[in-house]
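Before I ask anything, let me first share the structure, which is written out below as structure tokens.
Each chain gets a letter, A, B, C, D and E, in the order it is written, and its residues are counted from 1.
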Amino acid sequence: MKRVQFSSPYLPYLFLAPQMAIIFVFFYWPSVQAIQSSFYLEDPFGFGSTFVGLSNYSDALGSVQYQSIARFTVVFTALVTFLSLGIGMLLAVKADAVLKGSAAYKTLLIWVYAIAPPVAGLMGMMFFDQHIGPLVKFAALFGWDMKVGLNYNDTAIAMIIVSVWKQIPYNFIFILSGLQSIPASVREAAAIDCRSGTRRFWTMTLPLLAPTAFFLLVINMTYALFDTFGVIDVMVKDKAANNPITLVYKVYMDGFRGNDLGGSSAQSVILMIVVFVLTIFQFRFIERRVHYN
Amino acid sequence: ATNITWWHGMAGRNGEVINEVAQKFNAAQSACALTPVSKGTYEEALASGIAAFRSGEQPNILQVFDAGAATIINAPGAVIPAEDLITGAGHPFDREAFIEGVRYFYATPDGKFVGMPFNSSAPIMYVNTEALEKAGVEAPKTWEEFEAIAPKLKEAGYLPLVQSQLTWQFTENFFSRNNIQFATNNNGYDSVTDTKINMTDPNLVMMFTKLKAWADEGYFGYFGAGWNDNQKLFEDGKAALWIGSSGSFGGLQKTAQKPFTAAFLPYWQGIEGAGTNSFIGGAALFAMSGKPDEENKCTADFFQFLTSPEIQKFYHQATGYVAITKAAYELAKSEGYYEKTPVAEVGIQQLMLKSGDWSKGYRLGFYPQIREIMEREYGRIFAGETSVEDAMKTIETEANDLLARFAKTAG
Amino acid sequence: MNRIRLLDHLVLMLGVFVMVAPVVVAFMTSTHEAADIHRNGLSLAWGGHFTETYNTVLTREGGFTGKITGARMIWNSLILGIGFAAGKIVLSMLAAYAIVYFRFRLGTLFFWMIFTTLLLPLEVRILPSYEVMNKLSLTNTYTGLIVPLLASATGTFFFRQFFKSVPEELLEAARIDGAGPFKFFIDVLVPLSRTMIAAIFIIMFVYGWNQYLWPTLMTTDERFFTLVRGIKQILLVWVGSNIPDYNEAFALAILAMLPPVMIVLIFQRWFIKGLTESDK
Amino acid sequence: MAAISIKDVSKVYNGGVTAVSAVSIDIADGEFIVLVGPSGCGKSTLLRMVAGLETISEGEVTIGARVVNEIDPADRDIAMVFQNYALYPHMTVYENLAYGLKNRRTPKTEIDARVAEAARMLELQPYLERKPRALSGGQRQRVAMGRAIVRKPSAFLFDEPLSNLDAKLRVSMRGEIKRLQRRVGTTSIYVTHDQLEAMTLADRLVVLSGGRIEQIGRPLDVYHRPATTFVASFIGSPAMNLADGEVHGGKLALGPALIDLGPTVPTQGAVTVGLRAEDLRLHPEGKGSLPFRVDYVEELGAQRLVHGLVGDQLLVAAVSSENPLPETVSLSITPSRLHFFDRASGRRIDWPGEDRPETLAAGLPVLEAAAS
Amino acid sequence: MAAISIKDVSKVYNGGVTAVSAVSIDIADGEFIVLVGPSGCGKSTLLRMVAGLETISEGEVTIGARVVNEIDPADRDIAMVFQNYALYPHMTVYENLAYGLKNRRTPKTEIDARVAEAARMLELQPYLERKPRALSGGQRQRVAMGRAIVRKPSAFLFDEPLSNLDAKLRVSMRGEIKRLQRRVGTTSIYVTHDQLEAMTLADRLVVLSGGRIEQIGRPLDVYHRPATTFVASFIGSPAMNLADGEVHGGKLALGPALIDLGPTVPTQGAVTVGLRAEDLRLHPEGKGSLPFRVDYVEELGAQRLVHGLVGDQLLVAAVSSENPLPETVSLSITPSRLHFFDRASGRRIDWPGEDRPETLAAGLPVLEAAAS
């Protein structure tokens, strides 16, 4: 890493010890337990368990329900990632472009960053209330009878909107700082080389933002996959019913609500594998193409 | 004093009443100190209780709702049967002191109380009196009658019918109210092995076919699985009839914009033997095992305390949940409570209706998950994504899988 | 170049409207009465019950023990947010320091072991984690609330990135100046990382403050309830005909936004600077 | 190609800093103008106003026949080379060169031809498929040049294009730039703070200080007739010695010495006297007119710089290494080689007695020789 | 203060790159050694091995009486000045200066005294409370110097300490460094790739190329007697002209011209001939011995560089600006000023006929003059 490094027989271990200890106790231990229990069928109260091999996996993967949740998760993740990145980028690019008032815009756009997912869910719930939600009334103006909580697609759309809304500021901040680290002279060179701002964006700004965008891609996918839990939990009002849910919510529902430890663990392990594969894929194929410096 | 804890799934006003009950208990004696903790919803309370039990951190008392009863009762050694606990602590216990409707649901097949019935409810029909007057009709006793008056209610500008929970009100209690077998093995009481659910029962299919048809006609409104979305129209005076919980009475008094009364949950005249009592709803308290004797003693004391007529009456009146002992019912009655608030009596009366073979209770493992399957498929029926027959078949298949799985874990 | 760009401003204003309006609405709504909100939904008008509602949520002694006021929940959330952020910064700075500045045999192995934690957020391993906490008797403690959340590598990665961008000559100058590993860390690296620490502090504070599922599981004792859990608690009364205290839920939601928003706004400059410097 | 005219141009930044005040320069078609001056004197600002990267607070910039004040940079038909090259890191050299043309919808074949030509001229052919990060500093610099050339603009603008290169490379790139500009004949404005670069490259030099023009002129004119003490000390290395002197009658008193100025005198009283290091001659003690206390000597190989004091004034003399340095020395200077500046204003005082080499004006076409 | 001895030192990096091979230098107490060479030749590596920042793969470094190979940098009693100064950005100037002393538990009063002394020497007193970012480049450089001085180490190590400064500042800081080192008399190793800096600063110059020593010697010795063509082209600006020639009998054939070498000849056959630009004289056509086709002329003010061709070989002549440049020219050179190198090995061929200025060896103590 560094040209000159310290060498000491014990210091690095000392510095790593706290983090490693916590990771071992609170990450590896539970994770190993999860993997282990994914091969068992366990009585909820822990009175006994039966080894069932891979049947927890085959049960989950074979279930139509699980497959449809998986499909939704993919669509949801893709849309939330794409939209929140896109809108965040649009706003960041604009905020970066205007000189007058850019500080005010920045401040106003950043401060929603801190909203907790369940709070966003609460707002979504109220805004999309079937009877009195302003957004439902707004949709009605266009002849769209939105039935959030009843109609699967309507609910999905509402969830996506709320999840995207909550994530925009995060992307905004990171893209803005990414933009600000593009050398001014490169931008000026482009201003001389290219009249059209739009073209400049696609041919110069966007490729140069690629490292930031890649990082955000990972973060947003993680967000859509895992952190939207709070949004979904509040928006389904405690009843998943026919509402769209994501795989993580399903893990929680089956494991915590349903006390089906083996099944839920198997689903965790499946998610683990998916995330692992995704990460490897991202690093091998996408990151390789975006590193400049 | 010995400290004991009580995890429950009530919030809002109902949660506050629980706190008051606990305070009363703590004030009434000094040996024990009870701390109630809200764990969220019924489902979350059960889940937290189980998760805690696995790691030996369980509370002394866990509130478990009707749908979760099988899960906890079938777990051998997870709980001390309430009856054993109370008698073991030297208190007298008389099953007969409880009203008919609550005696079986949380008990063993031979009648021993495992759970201590606490907040008991029945699904009843709330009636917007103004709407009925306007339409010039009477509250329906049967669904046939409802079919007859629905067009008039609609004409009068009302949504004739809404409900709050299709699983509880139109599935479980459809079976009890119409006296139809819900599941094999004596509704699951006899054994967990090979218990099968009866979701494809033609009458149940008929009920939902009707509901869907009514919905299409504008006689019935379904707004999803959330309680709030459905009852809201009734509260706002836009719906004429609402199938809710007798326990909703307290809240409804605050939110309803129009005068209301209540009637029994309708049944089908056309089904033979229909009109029996409904399953008991709400929840019971369970004494978790693995606790020291002196704590169990306190739990027993508290259970005993709960059955006292004064406490029962207090809880009944504060929340709208029914009184579970005859003595408490009589006490309230004698004080003229039901004359002032007749709605409060509807639930008890419905629970005290004649009982049939299939209206005593059901005991199905993993039932909270089965309810989730039902909610999902019902949603799809009303969203027009599936047919009633297909939905019921799907529920039956998935539910039977779960039951088989439960049999394995519990066996 | 610098002509006023009407379209840009329009887009930005629309963005600001979409981002901020819901929060304004939430605030306005929180000043109405619960029944009013239940009936009429969100509101843009002032409801006039600001003082009572906020007073109530902040000071009313709720729960059985009477120990759980809104202020208490804010306090708990603060402990969680600050504890988590501070813990994360300390742990990950130390770990990143070891990884970047030391040559040692198991370095790569440790690096990958830490890296792996990115794969599996707490939500996915929530039950086994909960059981581990129970085995360690850490439920209902601040430690139990905070420490397991620390088992992830994000902070370590941020700092690793940053340390790698610190000019090597500083280390060399410090070594010649007689600074050993500890002195270099304390005297040079930590002060240099200030903006980075600020940025990570904000990110982590917000993350900790916003935690929801974990505190809900971990705390059965009301004394440890956090604000976000409190909001959910209010909403949980849908079953039955209780009206959730929407006003209080929104008031809490607004209160829940305030500290992190304030921290973000106050440190905004450092925040963006920190991110820019670390090139991520 | 086009003439550029800068008329009374000023720039006031938002903060209120006046970076450029009322600068006027008329640049002929094909001319190579170098803006030179110390850091912060407003060179870049002026250049960027011509490029359109900075708004013009006051005055007018004309490129060819058009006033460009309100015209977009991309439409000004100029090309710019930046100090840090500003190459697009995500594009190959070919793409970097082609980018500006593509955006102007130049046909593909034409783009290829122009890129090929520029690549040949700059010897970039082997690198066309590389990304900038895989190039050395000098190669990057050439790509930046190429990007400007392919566009065939009416004007090249350079902002310290060589200052990121090491000394050796700087010298050779300097030659390349000059030759290239001669070849394509494009009007150029070149910013640098290196006076040597300025001297060797410029057709005309613009010396800026504090946002104002100190002097405009051909390099040797500026060198030999600096208009102010500022220019005198800025242009030339080692810098011109500036000393306090007094003219009394026909004599200049410089420290302890008196120098006879001959029949004409520039002025009377206190002056600042300029003495170029190479105009000073070293003599064994007593032979020269200025007693010189040597402080230290810098040996540069071909010549040596002798630093010392005349009275209390520091002077540097540049002498050939050929002749051995005597033990103690004195200095002499041909009076006609003295420069005089007003002590208060620093402005040059021309006088009939001065005698400057006029080689360039008289002699053969020097730099143009390369173009032929 | 201490002598430093570098014995057969090599450095092989992990990747297998041999950055320094078998270098030996004996540095006397108080001597100022400059390591010079192109980028990547191993200068920094060598310096860093002396500092202890890099392990020594082979050989031995001795500072004073101690072999320091295994000694920690902090314990080697050296101080180092870095190219980018490596100031602690979060500390004030005072703290930057004091940090190394504090770590050595120097008493507070002593620290204050030493910092004050260094600040006075470097004129840093007004800035002691500022942070580095509030300083100009030159001031930062002085702080970096100060940090080295306060420590009173046995040796100063400098790694291109001036290369981040602009040309003017570089010249003046160069003088300051030299004067300072004379004043404190500390043994110094100074790395640069700027030959002018090397020439003016060094007591002795070490020219490195590809990790090996090309030549060690006093600056003028190296200038006048470069050991190899590499050194010849590296030291001196403009670089020495190197042309292909052939010696036949007593004559050197250089392109179309024949130069009479006089009674002694260095060798016979193909050689590389070195001609310093300042040794070339310009004559009106026909007068000189070498016909010269002028390509272009660079006017530097005091002198002009005339670039042109003799046959097909590029040569640069440096001539005074005084004399007008004739229309067509030819060149001449005193044969004794020619340098000869082996065509194959590039090594210098000494011969009795050569005549080099020996001023320094013979003349007055030059740089030492400043010390007195």
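Here is the rule we go by: contacts are C-beta pairs under 8 Å (C-beta built on N, C-alpha and C of every residue); 3 or more make two chains touch, one makes a residue touch a chain.
Please read all numbers here as calculations on a predicted model, not as lab measurements.
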item: Shortest path length from chain B to chain E (each step joins two touching chains); value: 2
item: Chain pair that, of all pairs, has the most C-beta pairs in contact; value: A-C
item: Furthest chain, CA centroid comparison against chain E; value: B
item: Inter-centroid spacing, chain C versus chain B (mean Cα positions, whole Å); value: 39
item: Chain centre separation in whole Å, for chain D relative to chain B (CA means); value: 93
item: Whole-Å gap separating chain C and chain E, where each centre is the average of the chain's CA atoms; value: 57
item: Contacts with two or more other chains, residues of chain A listed in rising order; value: 3-4, 129, 131, 191, 237-238, 256
item: Multi-partner residues of chain D (each touching 2 or more other chains); value: 52-53, 72-73
item: Residues of chain C whose C-beta touches two or more other chains; value: 1-2, 39, 127, 131, 172, 175, 217, 232, 236, 238
item: Footprint of chain A on chain C - complex, ascending; value: 1-2, 4-5, 8-9, 11-12, 15-16, 18-20, 22-23, 25-26, 29, 39-42, 90-92, 94-95, 97-104, 106-107, 110, 113-114, 116-121, 123-129, 131-132, 136, 147-148, 150-153, 156, 164, 168, 171-172, 175, 180-181, 206, 209-210, 212-213, 217, 228, 231-232, 235-236, 238, 246, 249-250, 253, 256-257, 260-261, 263-265, 268, 271-272, 275-276, 279-280
item: Touch list for chain A against partner chain B, complex; value: 41-48, 50, 65, 129-131, 147-152, 236-243, 253-254, 256-260
item: Chain C residues touching chain B - in the complex, by the definition given at the top; value: 35, 38-39, 63-65, 127, 130-131, 134-135, 139, 216-217, 220-222, 232-234, 236-245
item: Residues of chain E that touch chain C when the two form their complex; value: 48, 51-53, 72-74, 78-80, 82-91, 99-100, 103-104, 147
item: Complex contacts: residues of chain B adjacent to chain A; value: 41, 43-44, 47, 50-51, 53-54, 71, 75-78, 222-226, 228-229, 232-233, 236, 366, 368-369, 372, 375-380, 382-383, 385, 398, 405, 408-410
